[in-house]
Amino acid sequence: MIEYTAKIKEIANRLLSEGKVEMVIGFRKGTVPMMNQPHYATSAASVNELIWDSNCAINLANYVTDKKGTIGIVAKGCDSRNLVTHIIENKIKREQLVIIGVPCTGMIDRHKISSMIGKDILAIDESGETITVSGAGFSEKIIKNDVLQENCASCAHRNPIIYDELIGDKVAEKTYVDPYASVRRVEAMTPGDKWKYIEELLAPCIRCYACRNACPLCYCPTCFVDESKPQWVGKSQDSIDVRTFHLLRAYHCAGRCTDCGACERVCPMSIKIREFTKKLNKDCQELYGWEAGLTLDQRPPLDSFKTDDPQEFIK
Amino acid sequence: MQNPYLPYPVRIDEIITETEDKSLKTFKFVFINPEDEKKFAYESGQFGELSIPGLGEIPIGIASSPMEKGFIKFTVFKTGKVTSSLHAMKEGDIMGVRGPLGHPFPWKTLEGKNIVIIGGGFAFTTLRSSIISILDPVNRPKFKDIHVIYGARSPGMLLYKDELQAWAERDDIHMNITVDGTNDPNWKFLTGFVPTITEQKAPSGSPDTYAIVCGPPIMIKFTQPVLDNLGYSHDNIIMSLENRMKCGIGICGRCNIGSSLVCKDGPVFTLSQLNNMPKEY
Amino acid sequence: MTLIKIDRQTWVDGIEKAKSAYRVFGPVKENNDHEFKLLAKGEMPDFNCQNTRMSPKAIIYPQSQIMFTYSLDESKDDCRIMKEVENATSPQVAVGVRPCDALAFPIVRRNFDSPEYQDTYWIKAYEATTFVGLACNAACSTCFCTSAGTGPFGETGLDILLVQDGDTLYAKTLTPKGEALAASAGWSSPAASDVSARLETLKTAAEASVTAAVSTDKLKDKVLLDLYEAPFWEEEAFSCINCGTCTYVCPTCWCFDVQDETHGKSGIRMRNWDSCMFPLFTHHASGHNPRHNNYERLRQRFMHKLKYYVDKYDSGIQCVGCGRCIRLCPVNIDIRRICDKMNSFDAKSCACDVASS
C-alpha cells in the first residue's frame, strides 16, 4: 500500500504540474481508524496528503458528477465502472478525466471489524494480507480476506475497467464468485416471509439518506422523496414511506449498480441495503446478461430497447 | 401552557381577487371564537401562519391594520402547494391562523419621524397595514411627512387599487404610484421602476427620516444605492425579510440568518443589522 | 444530595419496582449496537456499552411526533379544526444516560423553552422524565466531553448519577426527582463513608482517559462574518455528501419539519426531525435557495453549533463532545478539526496570505 500511495502522489504531482488536470481526487488519512476521507489535491502540499490503503471504500465517482474542468481521479475497479456509467449518462466527459487506476485487493469492512473487536479501536495497520488492530491494552492480528466488505469479497472486477495510468500491476481477478447467495435465499422465501425480511431489514432506518447521497447513481437534481409538487412520499418514520424510499431507490439503480458497497458502508445504522440492489443486479444479469459499467459502448438495458428483450411479464 | 402551534379557527369571510392575472387574492378572515381576536393583538409588520389542514402552513404578512376591527386580512401570492390550495378555497370555508408572529416595524422609533414607504410587487401587504395604521386619525399626528413609493409591473398588477386611489386624493400622505410600463391612456400616475422613482421623489435622508423597504430582491438591490445617495443611514433603512419557515416561533430552526431567526427575531431588520449578517436569504 | 449503594440484586429489583410507577427507558443491545428502548417487564438496561448509537434525545423528542389531528369530514362540526394531541406526560425514567448526553437536554431546552414561546410537547415530556446518568469510567477515543462543558462524571442535566465500581453501583441523588425515583425503586442503603473518596479517584482516572479535545476559547470573540467568510469551508466540505447522519445522531440538533398527512377524511399534523444538510430545508417556494451549495449547508451546521449558538446564549458551544458525528460520519467530517480551524482562524493573517500568494 505504501507503494500505491507513493505512485499516486507521483502521478498526481505530474498531472498537476503539467497542467493536465486542475485537481486530483483521492483519499487522505481519516481522523479516526478505518475512515479515510475523500480529498482533492491542487498543490504539492495537498498531494502529499493523498494516501492509499484498504480504507478507501467510498466511491469517488460520486465526486465528479456534473463537475467542470479537468480532473484526475483515483479509481479502483468499482469506481472506474461508475465512471463508465457516468460517462454514458453524460454526468462527466471522458476527456475531462485522467483516471489513475488502482488494481484493488478489496476494502475492509469497518462495521465488521468494530463488532469483531468490540473495543475502542485506536489504530489499524496493514502489511500485506495482515491487518493489525490495536487499542488500549490490546493488539490483534486479522487476515484481510476475513474482514473484506461483502461486496469486495465477491467482486469480480478488481482492476479498473478504464484508466489512463495504472499505479501497479493488475491483480488476479477471482474466477468464481457468487455474489447472489443471499438473494437466492430471499427468493426462496414465501411472500409473507419476504415481506417480514424487508420490514426487519429496514426497521433501523433513520432516513438520513447517506446511502443515496454516497451513491454515484443517485444524482437526480431532486430525488423523488424530496419532491413537493406533488409530494410522492411522506416524511415521517412510517414504515411504508421508509420502504417506498428504499425500494424505489433500488429500482432507480437497476442495471446501473456496480455493487461498490458505498451505500452499505456509509449507513450509520448498518442496514444491508445491497440486499435490494443485488437482487436487481442478479435480474439484469439473468435477463439481459448485463453487468453495469463494463463498457462505454452500450447503454444499460433499462434505458435502451431491443426487440428481443424478455417480455414474459407482459400478460 | 398554551400550545404555540395550535391555530385559531377562522372562517373565510371574503375573497378579493387583487390583480388582473389572478395570482394575488386577499382573504378576509373572521375568528370563529371571538375571544381569539383579542389574543391575536398585532401591529403592522407582523405576520401570521395560515393553516390549511391536510396541506400545511404558510407564513404571510398581515395586510390588515390593527385599527381595523372584527377581521384580519392576508394577501396571498399563488406559488406553492399551500397557496394554490388557498386560492381554490371559497368564502365560508374554515381554516386556521396562528399569530401574530415576528416583530412589527419599529413604531415607537418611528414616532415623530418622516416615513418613506417603498414597496414593489406583491410585497405591499404589511405596507398597506402600515399606511392604514398611520392614516388613522388617532395615529396620524404621531408622524411627520409620509411618502409612499409603490410600483408594480402594470396597472392591473397593483394591489388595493381603490385604497391607492383614495390615498392619492389625500393631502396628508404623498403617494407615488408607479408601473414599469403601460399602454393605458387613462393611467394618471407614474411610469418607471421603483428605484428611479425613489431617486426622483423620496426626500433626502436625515436622522428624522426612515425608509421602510419591501419588495422583490431585484428592487431592493437597486433601491439601496439610491437611498445611500440620498443620504439615508443604514440604521434608518428598515426591511422585511422572507425565508422558508415552518414553526414561525423560532424553534424549528430553518429560517436562521446567522444568529437571528427571521421568524422570531425578524422579519423586520434594519439594513445596519443585515450588513452584519450572512446573506442567506 | 445523598450517596446510595446499590448491589446487583437491589438494582434489578429496583428497576422492576420503578416500572410500576414509571415508563423506564434504557440502553438495549440490538444487533451490534445499543439503543435506548422502553424496557419491557423483566428487561434490564444494558450498561455494557460505551454509548448508544443514537442519542437519547428521541425519548423527549421523537423523530416523528403527532401534534394535532383533524377531520376533513364536512358533516362534522369540527371539520378543519386542529385538535391538540396530548403527548404522554406520565412519569418516565431514562436510565444509563451518559453525562455528555445529559448535558444536551439543558442545551436543547434553550430552544424549546424560551421566554417567548414554550414548546408544549418537548417541555411536557422533559418535565415528566427523570434522568439517571451513568458515569463513564473510561472515555472513547472520539470523546471530548471535558472540553465541551462536561466530563465523564458530569452531573448537569441529571437527577441521579450512577457510578459503576466493579459489581456495585453507587447512586448520587442530585434533585428531588432523583430522590423520588430512588425511593420508588427502594434504593436506600447509604454508601460507606469512604466511598466518596473512592469515586473521586475513579472520576480523576476517567477524566484523564479523555484524550481528545477541542479549543473553543476564542470562538466568542471572532467576528461572525469573518468566520462565515473564512476560506476553509469549501475545502472542509469537499467530502461531505450532505446526508443527515450527523444531525440525526447528534443529541443537540433540534431542527424539525412540520407535515400534514391525510388518510381518507382524517389526518394528522406532525413534526419530523429535519436536517440543515438537506437542500429542501431552506428551499423557497419560488425555487430560490439561500443555501444552495453543499458547503453552505455544512458551514451552517458548524456555524450554528460553534458560533451562532455561542453568541446567542453565551453558555458555551452547542455540542457536548459525545463524538457520535465523528464515529458515524460516512466521510470523516470531524467536528474537532473544524472547531479548531474556527477557533484558531485569524481573518487578518488569512487576508495577508491571499495578498502575498
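Going by the order they are written in, the chains are A, B and C; count residues from 1 in each one.
The working rule: a contact is a pair of C-beta atoms (placed from the backbone, for glycine too) under 8 Å apart; a residue touches a chain by one contact, two chains touch by 3 or more.
Remember, it's a predicted structure, so these values are computed and weren't measured experimentally.
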Higher-contact pair (C-beta pairs counted), A-B versus A-C: A-C
Of all the other chains, whose mean CA position lies farthest from chain A? B
Gap in Å, rounded to a whole number, between the CA centres of chain C and chain B: 39
Please report how many Å separate the Cα centroid of chain A from that of chain B, as a whole number. 51
Inter-centroid spacing, chain C versus chain A (mean Cα positions, whole Å): 31
At which residue positions does chain A touch at least two other chains? 228
Per-residue multi-chain contacts in chain C, two or more chains: 257, 259
What are the residues of chain B that contact at least two other chains? 80
Which residues of chain C touch chain A once you look at their complex with the stated criterion? 30-33, 50, 53-54, 63-64, 138, 140-142, 235, 238-239, 241-245, 247-249, 257, 259, 261, 270, 272, 275, 278-280, 326-334, 336-337
Quick check on the complex: what are the chain C residues that touch chain B? 67-68, 70, 72, 79-82, 84, 111-112, 114, 116-120, 123-124, 224-225, 228, 254-260, 262, 267, 269, 271, 274, 276, 281-286, 290-291, 296, 300, 303-304, 307-309, 311-312
Please give the residue numbers of chain B that touch chain A in the complex, ascending. 80-81
Residue numbers on chain A that touch chain C, as the complex places them: 30-32, 35-40, 58, 62-63, 111, 114-115, 120, 122, 135-136, 204, 206-210, 212-214, 226, 228, 234-238, 265-270
Over in the complex, which chain A residues touch chain B? Could you list them? 228-229, 231
